[in-house]
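Two complexes come next, and they have one chain in common, subunit A, joined by subunit B in the first and subunit C in the second.
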Partner chain A sequence: MNNGQANSFVLADPEKCIGCKACEVACFAVHNRENGVGAAAGTVSVPVIPRLYVIRTDSFMMPVQCRHCENAPCAEACPVSAIRQKDGAIQVDEARCIGCKSCAIACPFGAISLFRAYSGGSEYKNRHLKKRQDTTLERKTRIIAYKCDLCRGATPPEEREESGDKSGDESGERTPWCVSVCPEEALTLMTPVKEMNARLAAVRRL
Partner chain B sequence: MPSSIEPIIHIDQELCTGCRRCATVCPVDAIIGERRSPQSVDPQRCVICGQCVQVCSAYAAEGDSRLTRRSDKLRERGQLSSVHEPLFAAYSTGHASELREALDDPKRFNIVQCAPVIRVSLAEEFGMPFGTLTPGKMASALRRVGFDRIYDTNFGADVTIMEEGTELISRVMSGEALPMFTSCCPAWVKHAETAAPHLLHHLSSCKSPMQMVGALAKTYGAKAEGVSPGDIFSVAVMPCTCKKFESSREEMTVDGYREVDLVITTRELAQLIKAKGIDFNSLPDEPFDSPLGLYSGAGTIFGATGGVMEAAIRTGYELVTHEALPDLQLEFIRGAEGIRTATVQLGDLELRVAIVAGLKYVHGILEQVSKGECPYHFIEVMACPEGCVSGGGQPKLLLERDRTAAYAARKASIYNHDSTLKIRKSHENPAIIQLYKDYLGEPLGEVSHHLLHTKFNSRSPKSSGMMSSP
Partner chain C sequence: MVDKILTVCPYCGSGCNLNLIVEEGKVVGAEPANGRTNEGTLCLKGHYGWDFLNDPKILTARLRQPMIRKEGELREASWEEAIRYTADRLLAIKEKYGPDAIMGTGSARGPGNEANYVMQKFMRAAVGTNNIDHCARVCHGPSVAGLSYSLGDGAMSNSIPEIEDADLLLIFGYNAPVTHPIVAGRIVKAKQKGATIIVCDPRKTESARLADTWLPLKGGTNMALVNAFGHVLIEEQLYDKDFVAKHVEGLSEYIENVRSYTPENAEGITGVKAADIRKAMRQYAGSKKAMILYGMGVCQFSQAVDVVKGLASIALLTGNFGRPSVGIGPVRGQNNVQGSCDMGALPNVYPGYQPVTDAKARAKFEKAWGVKLPDKTGYHLTEIPHLVLKEDKVKAYYIFGEDPVQSDPNAAEVRETLDKMEFVVVQDIFMNKTALHADVILPATSWGEHDGVYSSADRGFQRIRKAVEPPKGTKPDWQIICEVATAMGYPMSYKSTEEIWDEMRGLCPKFAGASYKKMEEQGSVQWPCLTEDHPGTPYLYEGNRFSTPNGKGRLFACEWRAPLEQPDRDYPLTLSTVREVGHYSVRTMTGNCRALSQLSDEPGFIQISPEDARQYGIEDGHLLKVISRRGKITARAQVSERVKAGATYMTYHFWIGACNELTVDVLDPISKTPEFKYCAIRLERIHDQQQAELQIREQYESLRQQMLAGAGAHE
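So, the complex of A and B:
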């Protein structure tokens, strides 16, 4: 997969993006199978929390997500080492995350969001931390950092093959779901070493 | 139910991002708006097929404080307050809340019918694989939801074959008003009324199976149950958003009573089952009620494109030739989106048929018919891409790429159900034989004409005249 080379990341073309949010929905769906999210929208019982966001301005729209920085400032800022480089991607270990928001502040792309955590289709509560709810004390829901993991923690590829997906390249790197579902092909998985080689080859042909 | 002019398909102006993917699946160009701005639906053109509802992926993001509250949105959409699934921009008006209230009224005799495809798609709403066949769990769930009788649209499909098959043969023999188009799909009927009012006499005069069951439930069924038609509350569970419109058409009444009082979609039934706290996956299999819940394999295949045609040929062949059809699986009629044609030898008669799956493909055929150059005798038209398996009220897929697999699995399951049923031809269904013996007399007879046939109205802005079918 990575072999010590630069991390891949997903890049969007604002010229092509139509703002349909299919990437957001797919991202959520494939990362929440353990929350009971199946193929049909009716199986969704938790809020849609994607790991990329379609941003809109007056002149353009495009999804924005983690660049998987080589010297990830989010990981550097994390006081509990919950963000790590693993399988060629910068990933959050959601169980370790303390919700301190340091990563969100450190991220130069705004690619990290903090939301409630869900487990088994319900809110995932802290063990001891409580909050006042009317007249009683209730265990507070855990808040964790969500970011793109290049689909490393998504539905495994064998399930995708059942639904006719033949994506993935010869190097074994799986195409993230957002890239494969985009109806306009506005998203690309950028693999720096391949990109560099392709550009070098193009220069040599000149 | 909404009146026939009230729009059923909506686009939430707060949520629509103007991507116009809905416009790419709309077969009648009813989605209006500029790219990147919220779209709206032209109710005159819209055939209420709900394909836009199926494809829309713009949803209400969690915690977006600029949006109207979720609870208000659910109320506005006619959906139960317990619905958890994401709210998308394109949606159809819901009636599950209305149904829930009606079911709580002890004075009413509540009956329900389910379209053929509900039993192959409902389970997907509970996380089961595409096309899982669950007629028994469906009947069981409906009884627990509070219905007194569980009937079946498939029974109506069998009646449709008796009536429409007979009508076709009589038209072919007389050579009048050919080709004959099917009239089961309300989106196709609405489109014909809007875009081709001069061809309405080519539509079969048969009501759809849903309306037939509705009419029979308040007459034949009421008598059998010993209840007054006025006390019957007739509900239909449909894969189709346009069935909501069809049931509200003025002419869909029998002896002063609405044939179908309320229509909910597959998705709405699942929402109601969840709201009632019923664990669908562990329900036991229960039977439908007789006689209006008994069906043949021919009734069941109505849910897939080509199904009406296949069912009609199974019966038509035997009516014309008085011989048993050698092979019941008419594979040459089965298929996916687009147009398929075939020639079927019925004794001396060479019957030329066409199947249109997807309303956008019908325009060429309508032109041919207008010019008198259409070579077919019988044409099945279904507005949705692959028939009712792909209807606008069916489970909505989160991943567009699952669509092909889901439709294929639902279709395979329907055909599998048919192949395992003992009775696979409408005219051999004992409940149908009994119905004609005890009540209707004969297909196209006086009682049938009163209960089961209708006429279609021009909806063209140019003409306001009424055209009746022969």
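So, the complex of A and C:
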């Protein structure tokens, strides 16, 4: 997919973002098909956990998400090698993740958060680790790192191809769902090689 | 088998088109369609706001069976029984107290224009009163009154798509990114195309953040700022003398009225720097295509109508009418609040804005409906508490698709009003707080389950379509009302919504050419649309001819009045109600969408400044008590630098943190719109946060159980 080129990433333009959170719900929806989330998020029975977060400050508002750093500090910090580069994206192997939070601390963008894991529509429990619940012991729910995977692990709704308005770029890289769904077109999939070519072309025109 | 049904989003007045995706008779998704206003985009409510159709019973449950209160309890009844009972009780009250003892509402939400037409016809022809009003009264009522006075039409003079081609946008008390994300897209585009954006708002809203110039006026000082705008235009000779001479009246009186509002004087009242006021007006007057957009920050004050007229005067003075991308836009909040006004769910006008006091109009409707009609203006919705509790004049209330206990000010008083009435009918899709006080509940079909027409904020008629079968036991709103009318001895019956629509447009010259066929072909038809071969009107007042009696625009200015309830030692902070992007109105719909309810849930937030938070020892995320002279609730603190010290903001969607328990029922003298944007409160810190969190959860669960039981639903 990326032929040894730099990783793509999604970048938001705070001049356009109005903070409507359509990206957050869209992100959740396409990543939770196996949790019973339908074509959109309506049928959800698990909490809404997006992999990007709309940040609101005094002066701006925009979603923040993983930059897919080439020398990913999160992967460097991960003691169990659960974070790897795959298909042109830095991805978390959720089954391998131990919930140690090292990646969240290492990430300079604050793009990783830890939440409960879900599978098949219910909480995904640890095999042996138990916790005391009132008087009984019960298996503790797994806590894992969530972050943007450029929709590599997502199942987009089938309708998408038919509507066909916001398809992937010429390199064949699929447009992440947050980018497609943003009503203000505030999100862009930045593909470094394309950016570089565009800039070179601009320089040649001078 | 996957079906796609093209319809219009049921949230906000943007009028976005979308396809509902239906699998095996259930809605499973939505995708944007290429509508006139949304052009293939949707906000999160459009994308994910359909889930309430699947009735997940998160906040409340769908009504599926008529109910009658017997021995104090709501009990399931047959349709026949419920219709008969409703008709008999209404007839008895009419007999005993006269028709004006009965009040009815229209519904600005899911039912659509046809149901509103039928409802106002029912009230006027079957009951015999003009006591019909709806929630435009608590939102853009002042726009209808003010713009009708100034320009002749109580609606946006411009179109939503035109926004992006304006050179300058003057945005007053309007936070489009939260209320109309898709309209906000046009504002963002305008900015990208080089437009200057000026925002007047006390809070640093998303609109203010997008602005080139933000005029942070003190809450409740709108009229002083608008007068100062006028003062600058006159004093600096920035106004269009030729346009004013030809098309506008009232200049000399206007000049007199704004004379004392120098920017320096206004600075003392509003806190906005005099130089900024001057600069804003120089930019506004110097721009070729300047457009005003405004919202609830103008309308929800006791001096709302004056400010609407004042803003229209600014546009009149600068000749910003009769062309694309200029004019004045009150962007309507609820999806069909424009439509409910269009259909005459108002106490002073028949459908098509034809006054009930106009003998000629009355004669036309009397002939069409075959009955003598009352000639005096009916009661306003917001006057009902007073008319019931103080004057004992209204005995029955037919509430159709509204939840006044949640949406109207001073909730305790609203409840007392409902309980004092002899007979209350609630016709709705969900069990709600108002229905707890009903004597009869009539369950209706929802958006997605019936056909009809909505009017978008920019006067655009668009078809809504049935996508799924309604729950058994429900009926379309217009059909229920027809059955009650028939049982009362005024037979009404229609075969389809199109038949109702055709009767309506036969009586309304402004809408006469907007047939179902044309909507099918064009997608959207903007009124006025006078004839079958007319495509509709994107912007009003072409040729600078206004719809006022003499065709001229009318200038207006008057003295600024401070809001009524000022902060004092006991209640030192002000409260303004606002909205939140992921929720809609009284939250029965979005609160029952799994994804939306999770993004933001009970008890709701109160925004406070860091200074006030420090003073009260409140941290971001803490629960706290909010208290006014009328009530006391719990909410969660959201400490924000965007808020000025002394001011607080709460969204009105939440049921536990219900800000309308606190708000004051002071009304604008003309439009009778409440002052939701200003009342005095105090905050109390809660020391045991854990206990408070627990209490909120218990309160939520008990409220939910009450709703489920009320709807006759069992988990």
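In this text, the second predicted complex is superposed on the first by the 194 of 206 C-alpha atoms of A that agree within 3 Å, B and C clash if a C-alpha of one lies under 4 Å from a C-alpha of the other, contacts with A are read in each partner's own complex, and residues count from 1 in each chain.
FYI, a contact is a pair of C-beta atoms (placed from the backbone, for glycine too) under 8 Å apart; a residue touches a chain by one contact, two chains touch by 3 or more.
Quantities reported herein were computed from a predicted structural model and do not represent experimental measurements.
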| request: Using the superposition on subunit A, decide if subunit B and subunit C clash or fit. | output: clash
| query | Does subunit B (first) or subunit C (second) touch A:16, or do both, or does neither? | reply | second
| Regarding the shared-chain residue A:26, is it in contact with subunit B (first), subunit C (second), both, or neither? | both
| task | Pick one for A:115: touches subunit B only (first), subunit C only (second), both, or neither. | result | first
| message | Once chain A of both complexes is superposed, is A:48 in touch with subunit B (first), subunit C (second), both, or neither? | response | both
| remark: Only one listed stretch of subunit B (293-301, 401-409 or 419-427) runs into subunit C, and it is 401-409
| query | Common interface residues of subunit A with subunit B and subunit C? | reply | 18-22, 24-26, 28-29, 38-45, 47-48, 61, 163, 165, 181, 183
| said: Per the contact definition, I'd like the list of subunit A residues that touch subunit B in the complex. | reply: 18-22, 24-26, 28-30, 36-49, 54, 56, 61, 115, 162-165, 177, 180-181, 183
| task | Give every residue of subunit A touching subunit C within the complex, in rising order. | result | 15-16, 18-22, 24-26, 28-29, 38-45, 47-48, 57-61, 157, 159, 163, 165, 181, 183-184, 186
| Partner subunit A, residues of subunit C touching it in the complex | 4, 21, 27-32, 38, 40-44, 47-48, 50-51, 54, 176-177, 181-182, 184-185, 188, 191-192, 204, 206, 209-210, 581-582, 593-596, 598-599, 640-642
| In the complex formed with subunit A, which residues of subunit B make contact? | 17-21, 35-36, 57-59, 61-63, 84-86, 88, 124-127, 130, 267, 270-271, 395-402, 404-406
